[in-house]
Amino acid sequence: MHKDPGAPILRKERWGDYCLLCLKSPAIAREARPGQFMMVRVSDQPYPLLRRPFSIHARTRETVEIFFSRVGLGTNILAQKKTGETLDIIGPLGKGFTTGGGGSKRAKEQEPGRLAPAESLNGKKVFLVGGGRGIAPLYFLGLELKKQGAVPIIFYGGKTKSDLPLADRLKAHKFALLVSTDDGSSGFHGFASAMVEAELNRVAGLPMAFPPLDWADAPRKSRPVRAASYALAGFPARVFACGPEAMMRKIAALADRYGIAAEFSLEAIMGCGIGACWGCARKIRRGDKAEWLKVCQEGPVFKSSEVVWEEDKTNEVSDR
Amino acid sequence: MHKDPGAPILRKERWGDYCLLCLKSPAIAREARPGQFMMVRVSDQPYPLLRRPFSIHARTRETVEIFFSRVGLGTNILAQKKTGETLDIIGPLGKGFTTGGGGSKRAKEQEPGRLAPAESLNGKKVFLVGGGRGIAPLYFLGLELKKQGAVPIIFYGGKTKSDLPLADRLKAHKFALLVSTDDGSSGFHGFASAMVEAELNRVAGLPMAFPPLDWADAPRKSRPVRAASYALAGFPARVFACGPEAMMRKIAALADRYGIAAEFSLEAIMGCGIGACWGCARKIRRGDKAEWLKVCQEGPVFKSSEVVWEEDKTNEVSDR
Amino acid sequence: MADLSIDLGFLKLRNPVLAASGTFGYGLEFAPFIDLERLGGIVVKGLYFYARPGNPPPRLAESPSGLINSIGLQGIGVKAFSQEILPRLAGLRTAVIVNVCGSTNEEYAQVIDYLDRQEGIAAYELNISCPNVEQDGLCPALSPEATHAIVRLAKRTSRRPVITKLSPNVTDIVCIAKAAEEAGSDAVSLINTVLAMAVDVETRRPRLANVFGGLSGPAIKPIALRLVYQAASRLKIPVIGLGGIMSGRDALEFLIAGAMAVEVGTANLVDPEASIRIIQEMEDWCEEKKIKKLKDIIGTLNVASP
Amino acid sequence: MADLSIDLGFLKLRNPVLAASGTFGYGLEFAPFIDLERLGGIVVKGLYFYARPGNPPPRLAESPSGLINSIGLQGIGVKAFSQEILPRLAGLRTAVIVNVCGSTNEEYAQVIDYLDRQEGIAAYELNISCPNVEQDGLCPALSPEATHAIVRLAKRTSRRPVITKLSPNVTDIVCIAKAAEEAGSDAVSLINTVLAMAVDVETRRPRLANVFGGLSGPAIKPIALRLVYQAASRLKIPVIGLGGIMSGRDALEFLIAGAMAVEVGTANLVDPEASIRIIQEMEDWCEEKKIKKLKDIIGTLNVASP
């Protein structure tokens, strides 16, 4: 956990409403693990006041990247930053995805609450499901998983074709990639969760719940990727997802149905990102107790069994 | 009076803490008179909230210029604006200096309170005294006076040499220019007001109140300008001044002593600049009554006899 | 096109946007910038019976997303207003509301009595909440009794509707608002400015000559919205909401929280076209959301926990 | 180097900067970023006797230059605090102050009684002003009687100094502060957050699940400064000032207005190094102005009109 008050922007990419910034920050890069995030100061003035949280999208020895969509004041200001300007960032923060390895010894010690991976993912198929900007942490995760010998298959969904700016980058890194768009303008026609469901049903040999007709009609060029991605038969050993709440909830239900371990990177409005303000609370089930836990400290990644989805929000907190 | 929400910055000049922006805004330029000002929006966000007032430094048919020094948040933000960006401005505002002519008929009609010039300034010597950023309105005024056949002599003072960034521009326009610096790094060694006093005493044939020894020692290059500027003997027909309160107060006393009509451009913190908020009040003597008048509407230029200087501020407001 | 009109019961407005007192001069100052007839109404600068000099300068200090003022109700008095200004406002097809001030209860009545004899005024807004005229920000709107007394006297005097303008600087806004309601006020407007101050560290002097001033602008919007919601939830008479409204969305927040109309204050200083832009933005929003009558959203805040 | 030390009478501080409760966790969260021993003190998150779940999310909403929170005093309770946290804080050479909460007067006493048996605490700060735990922002600090009762009970119970933390949401801060003083409070700290709310126009829901929340940050600084000045001008006991302090200059404004120490809240969230930076900026300012003892500037505000 470091504060880097002046991380220079080495590279910037823009695709419509999406933006990627590559920042030089060796200390943060060194400790970063997939699923962790950074708190980025948007302005040195009191407006907008709070830092914004962003997943670590990629890292090298010296750099970290963030990938974000412009949704409000803060992200709009960030999208206007130019190469050479510096950003004040704090990271890496929170607990990341459970992978087979990776992360410095120190980083692991700092995370006593993190469950040890139940199994090595080496040689196993894993699903990475990203909706819109939710793809951000999955690129870093996918690379890490590949290093560990796992076979990540990335499901990448968006409203329309232009919501999939990272598709090319992912292909270039030879990820097995399945894309979906709500309007059918690219890949599977429908939600990312429906695409995952179709795929799981296919693996299970079941008739598909939502017959993914458009899937068959998908543009030729997306199919070869698909073909290449199924070297490994059977269900994935794990599902990792990040995206809109509704998408993640659906994926959780699917993972549950098929008994697949799943992890989700959740969002919450954050005051500090370092566990000091209790602002980012989210109802989390641990054992038979549901409590408001700090997403910034205990998460942002939680296991399927832990998350109390928005729909169930009216359940009483157990100790209240 | 116009609001121009998107006046493009056509040219920008920077000298250390000083900055000049040339804005394209034909409607405002057309009506502008020397001594009037504009309200400039610094940010489209609520911080900083208020517009900033700046004198109109120059104009062409299509453009207006502002010249300012960086003193706080707003002026620092403005100084970072780049050519091609636009500014949201309102102007021309307030009542300008009393000159022999100029200004559209309409502009004059809008200013019923303005006293008609007592005399034409054609062929007469006038003093323009600017301290620091106070030079801003005097360049526009000087050009206007020259057009009317007057002979303006500009006294331009600063703390040190780098506070006189406009000296070259003024010389280039063949103004008779006398500069002073508090530290003697350029021209007369002392305050601008002392320089004016020395000059008035000289004209009066009096021993100088503050013997301007350094004046004689001034670098050669500033003296020819001086020599050229005294084609007209005798006292100036009018003094126009803008700068620090203490400087203006001193000039007012001098003008009074020698019976010269003088006008001053005053500053006040402004909320609106258009007479709507009563925020810019300043004690002004009219007849035998002193009232809080709106600097933005009744000023910012006031006659010597009207101004109640800061020192006298404890005097009771007459109708209170 | 959506119907933005609002019926306050005692007053029909073309749309719910009024220009707030003290930030809109006597109205005419804005004629070069906007069509005054597009406004729901204009609340003119606070008027005492006689002309009033106001407080010594500096009268303004900026703060983060806010403005602190200590104008002290400088103004020309009812007579000059009635002679010089009102005739030019009275012709406008927009509601002209006069912000009424007084040093004593009787002065409020005097001002109303004088104005009652003039034409072209739609209502009075009783300014019992200016923090800039007495020591320590004291004003009648801090006490239910004082509020009740002034409102009752005003209502007895006036032939026109009376809106009572309340202060945020109180422990219990509902209690004060109810006092106004019980005394017969036709509506309440809130909030006036929040009592505040600023210090110049270099000179170790207050940044306002008056020491205290009133905070307005976006900084106070969350406070204003809370007070408006509290008052609107408990009153029968209409609530007019204000405090930090800069955009159509800000205004909509107040309507959703229960205000039947809004006033736009500090925004006018920052942008003389603000009030019209706010109306436009609300209209666009209705269009986008297919809302036919803006009044249908008033008080629709859904506070049931999800 | 300037002497920044402050003597509150009951407590000597290395410098006047304390970290404010609720924005600094239990202190240890900041150890990766700053040397905690450079602080004047740490006020830890509010503690009830038992662990407390807090309010449902969303708990935070940003506003212009401000933050609205409705955390609702989530916390681990005195026992877990005493066992897990206090031993790690107690070793630090900085004043540890515990922010004490209660649902009843007795609970305040219970918390104090339990903590009195622990070592390593310099003082208690009675949080009687949190707007996020009862309906409508109600809290004891809105009433002089309730304030007096809790403070008296706390003082009777406690073997340590008691600071009473006051609310800005009152008509008359002096009256409440005097009640605390009369009941024996060793100092007062103010302000807690300003009761506020925000509405999401799209969903027509409050942006905080709790509807109301407390506004903090630069937006409220002018309000806080005014309240601190009012209280400091009228009390004999020390006043600790807070609300929107982001810089050394902000802190100096409070000292000049009469605060003997300050707390830094929201700034810690924005910048975990803020408290140390603020101390540094004050030190630099003293250096520049050749001020030998920072305490000499306390209450030096010159309000004589110029």
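We call the chains A, B, C and D, going by the order they appear; numbering starts again at 1 in every chain.
The criterion applied here is as follows: a contact is a pair of C-beta atoms (placed from the backbone, for glycine too) under 8 Å apart; a residue touches a chain by one contact, two chains touch by 3 or more.
All figures in this text were calculated on a predicted structure; none of them were measured in a lab.
Listed by label, the chains that touch subunit A and also subunit D are B, C.
Our note on geometry: subunit A versus subunit C, Cα centroid distance of 48 Å, whole angstroms.
Annotation: 33 Å between the Cα-based centres of subunit C and subunit D. A straight line joining the Cα centres of subunit B and subunit C is 37 Å long. Residues of subunit D found to touch two or more other chains are 56, 61, 64-66, 217-219, 305-306. Of all residues in subunit A, those that touch two or more other chains are 46-47, 313. The touch graph of these protein chains is complete, with an edge between every pair of chains. Across the complex, subunit C is touched by residues 1-3, 41, 46-51, 88, 90, 268-272, 274-283, 291-292, 313, 317, 319-320 of subunit B. Residues 56, 61, 63-66, 68, 136-137, 142-143, 169-172, 194-199, 201, 203-206, 209, 211-213, 215, 217-223, 225-226, 229-230, 244, 249, 252-253, 256-257, 285, 297, 300-303, 305-306 of subunit D touch subunit C in their complex.
Residue ranges on subunit C touching subunit A, taken from their complex, read 64-65, 305-306. Interface residues of subunit D facing subunit A in the complex, by the touch rule stated above, are 22-25, 29-30, 32-33, 45, 51, 53-54, 56-62, 64-67, 69, 71, 74-75, 217-219, 246, 266, 268-273. Within the complex formed with subunit D, the subunit B residues making contact are 46-47, 310, 313-314.
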